[in-house]
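Given below, in the form of structure tokens, are the structures.
In what follows, chain A forms one complex with chain B and a second complex with chain C.
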Partner chain A sequence: MNEHLRFEDGWKILEQGIVKCSKLLEDCPGGRPTVNEYMNYYDCAYRMAVQKDQYCQEMYNSYKATHESCVCAMVLPHLMHKQGDLFWRELVKMWSNYCAMIRFTTGFLAYLDRCFVTHKKLPSLEDAAATSFFSPVFSYFNNEISDVLLTLIRQERDGCNVDMDLLMGIMRGICRSEVKTKLKSAVIQDTYLYYSRKSYEWIVQYPLQDYLAKVQETVQKEMKRLIHYLCISEEEGSGLCLKAVSAPLMQAYENYTKEKHIGGQVLLQTYKTVEDDLLDRCSRLTIDNGLDNNSFSHME
Partner chain B sequence: MAEEKGKAVMPMEVDQVEDEREAETVVEAVQKAVYDALEKVEMMEEEGEAAVAEAADKLLEEAVEKAVTEALEEAGWDAAEKALSDDLEKVSLEAESARMITLESSDGEVVKVKEASARLSKTIGNIIDDGRGDEAIPLPDVSYKTLKKVVEYCDKHADEKSDTDEQKEELKNWDKAFIDELAEDDDSLVKVIMASNYLKIDGLHNLASQCKTTREQIGKA
Partner chain C sequence: MEADKSGEGEKAGGKTISFRCSDGQAFHMPVAAAMLSTAIRKMFDKYPSIDHGGVIELPHQISSGIFPKVKEYCTKHAKVDDKGNPTVSTNTGAAAAASSSSTDDEEEDLKNWDKEFVNMEVKPLHDLLLVAHLLDIKGLFHITCRKVADMLKGKTSEEMRQILNIRNDFTEEEDKAIKEQNPWVFPDPE
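Now for the complex of A and B:
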């Protein structure tokens, strides 16, 4: 047990384990490792991490690369030539299967996760695996995945019946990955456009006083929504809400009052006071909105 | 009916019931229901109506069940029956919690350990959670001698309650005695540190590592 294990030899064993588990992506039987296999892989990773010449960084890099190869070879073909609901259902299924796969593969390298990864402040193996999934998926299907997610968020916003468990399973997965910034900017942009359109409807539909009340209510609701979907803090949520919700709605208000030559300054000032108060309260909140550690089991 | 107010009498304690006639009534009621239903079945079978006879069998079952339930309720035994089923449920839960996990050391020896103890190891816990707790779990990095010490620690910590200060103190004293004995042999101590690291048993790893650090500091002094 104590002889030195070269990286090439050790990784060959671990790669076999990951490839075996990747059969779970296609619902193949035999993807689950036996107890003997599991402990063999775990033992191999442990030895490579604790021996004198340890290969922690190499294992971490290879772990990410091997997972990405599996995704490119086995997930992307399933998503090809699919759009809308078909694309969504296939994506949900593949992500669910991938979560089952990485339950084992992160288990093999659990020692690496708790010693090396924590010490070096690197993304956890689960987070790295999420990046290995969503990075190629976004590279190849940026439009499709953005469209389907933004459509579902819009539908939920409009009160339609949306399977929130499935949607949040994917959203949390993306938020664990390095693709999060892409998604965040897409959601913010879409929210801005949504409320730009809404502002023209509402400004005609409601008396000005009611419109401002509606804006205040919407800002509060939307802040909760953004925090939930993007797994961000209250502070960040309030900042994004100013840009994406408050700005277009108040722009419409100002344009309307100018157009109609209404002295709406008093009302506007009232609204500004309310908004400042709201944002001040938001910035003082300290509710933990960190990522849910169980986001991977969520899909199983 | 009951010996004390509010205390239900179990069916097997019929001979202790003051009013034995009540017990006889229960038996008679059940017997009558059975005989009536049987008669119906026989009549139907004589007439050669197999399908109807099958339905009558079901009717017999229902009649018995109904008669038993009514008779037991009348005799005030329903509470006792519930208590009995609760006990059975409790027993099955205890049996589940007492499930044994098989561990195999690097030198091929087998150690059986309670699931609660095995779960103190996060590595083994992952395997159990995946529904593989019924298979022997090989530990290629842990010898039999070391595994026995690890299991001793896990058994103590899985069984022991540490709710009160007194219990916490007692467990602390046990830990001290355990680690002092282990530390008599430096090689054993190192192997337990490595095994607890390998198996991810945080409590044991911290305990053994602290002991090693202290010994090294004393050695330097």
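Now for the complex of A and C:
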């Protein structure tokens, strides 16, 4: 009974389990493996990982590939030809179903997470699964997904009523995946454009002293917002805030004072103090990756 | 196969989970005890109704000969009896402060119990270690590994082979070469 289990034979069993669970993507009732099927898959993965010729790396790679092919076959068709709110609702539903699916599939290969992934410093199975979902979704629907997320962030920023649980569920999922950098640059760029527009409204709307106070308040708020949305450290949040928020707002201030020939040195000095304070806080912070590990719990 | 007698009437106490070994023998374990296994705990998260009469079929590596030992360890460390009822009284308020020394005593007792628990032959110890690893029972894995390490401490390679029942598959030439390359490991017999 303890004979060597070849990768092809073992993976065939595990693949059956993953394919069975993938029915959860389409709300099919037969997607939940039974307790004993679950135990059988767990045992199969364990045996392949601890036998003399172990297949940890092969299982890890196949796990990612199988999940990605499930997403391509069963998620992407649901998102086709949809835009705006319709696209968003479908994306949320598919991600929620996918989270239900990977609750089981990560369980089958729990031994990999416990030993192999930790030892090799690889992304956890949940992180790898998030990449397997969002990588093809971004490849095919980059514009749609970026538009819908940036619109929702803008709406929330403007005080509109946004379902934060749903938004954060998706954002945290993306932040666990390798697509995070794409999203981060899109959010930063959009934030920059948003405050470039706002700066021209505010500079004529408020007296200069109030404008600078508004800048200070906005920088603080936006830093919290970026940290929250992008699951980043306070240090990184401060740095991004200087680029995406302070820069456009202060550019408008400088342009305005030059244009109006206002000797705004004193006011500018006030702002510099705020900026120096921010930079000082940056330098005193310790580095951590700022990742929130609860992205999947949101959707369960 | 006859079911584990200690399981009879357990449902009346705390909640229990039923397990069946590959030879068909069934065992009941209090949920609190089973939760010491990370693998079972994660499964329980996914199947919350597992304690309503379902039976978990255990992998073939877990024989009915060794599972009672696993159950004994988990039940002891979960501080529940066979029926799933707590064996340690939970004190509150002023009584809690007075009980801190008794908690230390309990810890000491448990350590001694663990030492006694792993006093067994190599074969069952090996089986127990494998089950602890498979089901991810950290405490049990730790004490079984420690016991094996203690058994091998200060032993020669030949003695280790005897303890672990490993056949020496080196040829005489290989053996000689290894000894020449690593003289510090093989001091001349006095």
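By definition in this document, the second predicted complex is superposed on the first by the 292 of 300 C-alpha atoms of A that agree within 3 Å, B and C clash if a C-alpha of one lies under 4 Å from a C-alpha of the other, contacts with A are read in each partner's own complex, and residues count from 1 in each chain.
Keep this in mind: contacts are C-beta pairs under 8 Å (C-beta built on N, C-alpha and C of every residue); 3 or more make two chains touch, one makes a residue touch a chain.
Bear in mind the structure is a predicted one, so any value in this text is a computation, not a measurement.
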Following the superposition defined at the top, how do chain B and chain C come out on chain A, clash or fit?
clash
Partner chain(s) touched by A:Y46 [first = chain B, second = chain C, both, neither]
both
Touch test for A:G107: chain B only (first), chain C only (second), both, or neither?
both
Contacts of A:Y38 with chain B and chain C, given as first, second, both or neither:
both
Just checking: does A:E15 make contact with chain B only, chain C only, both, or neither of them? Give me first, second, both or neither.
neither
Touching both chain C and chain B, counted on chain A across the two superposed complexes
1, 35-36, 38-40, 42-43, 46, 50, 103-104, 107, 110, 114
Chain A contacts chain B in the complex at 1, 32, 34-36, 38-40, 42-43, 46-47, 50, 103-104, 107, 110-111, 114
Footprint of chain C on chain A - complex, ascending:
1-2, 35-36, 38-40, 42-43, 46, 50, 103-104, 107, 110, 114
Under the stated contact criterion, what part of chain C meets chain A in this complex?
38-39, 42-43, 46-47, 50, 54, 56-61, 133-134, 136
Under the definition above, what is the set of chain B residues touching chain A in their complex?
106, 122-123, 126-127, 130, 132, 135-141, 197-198, 200
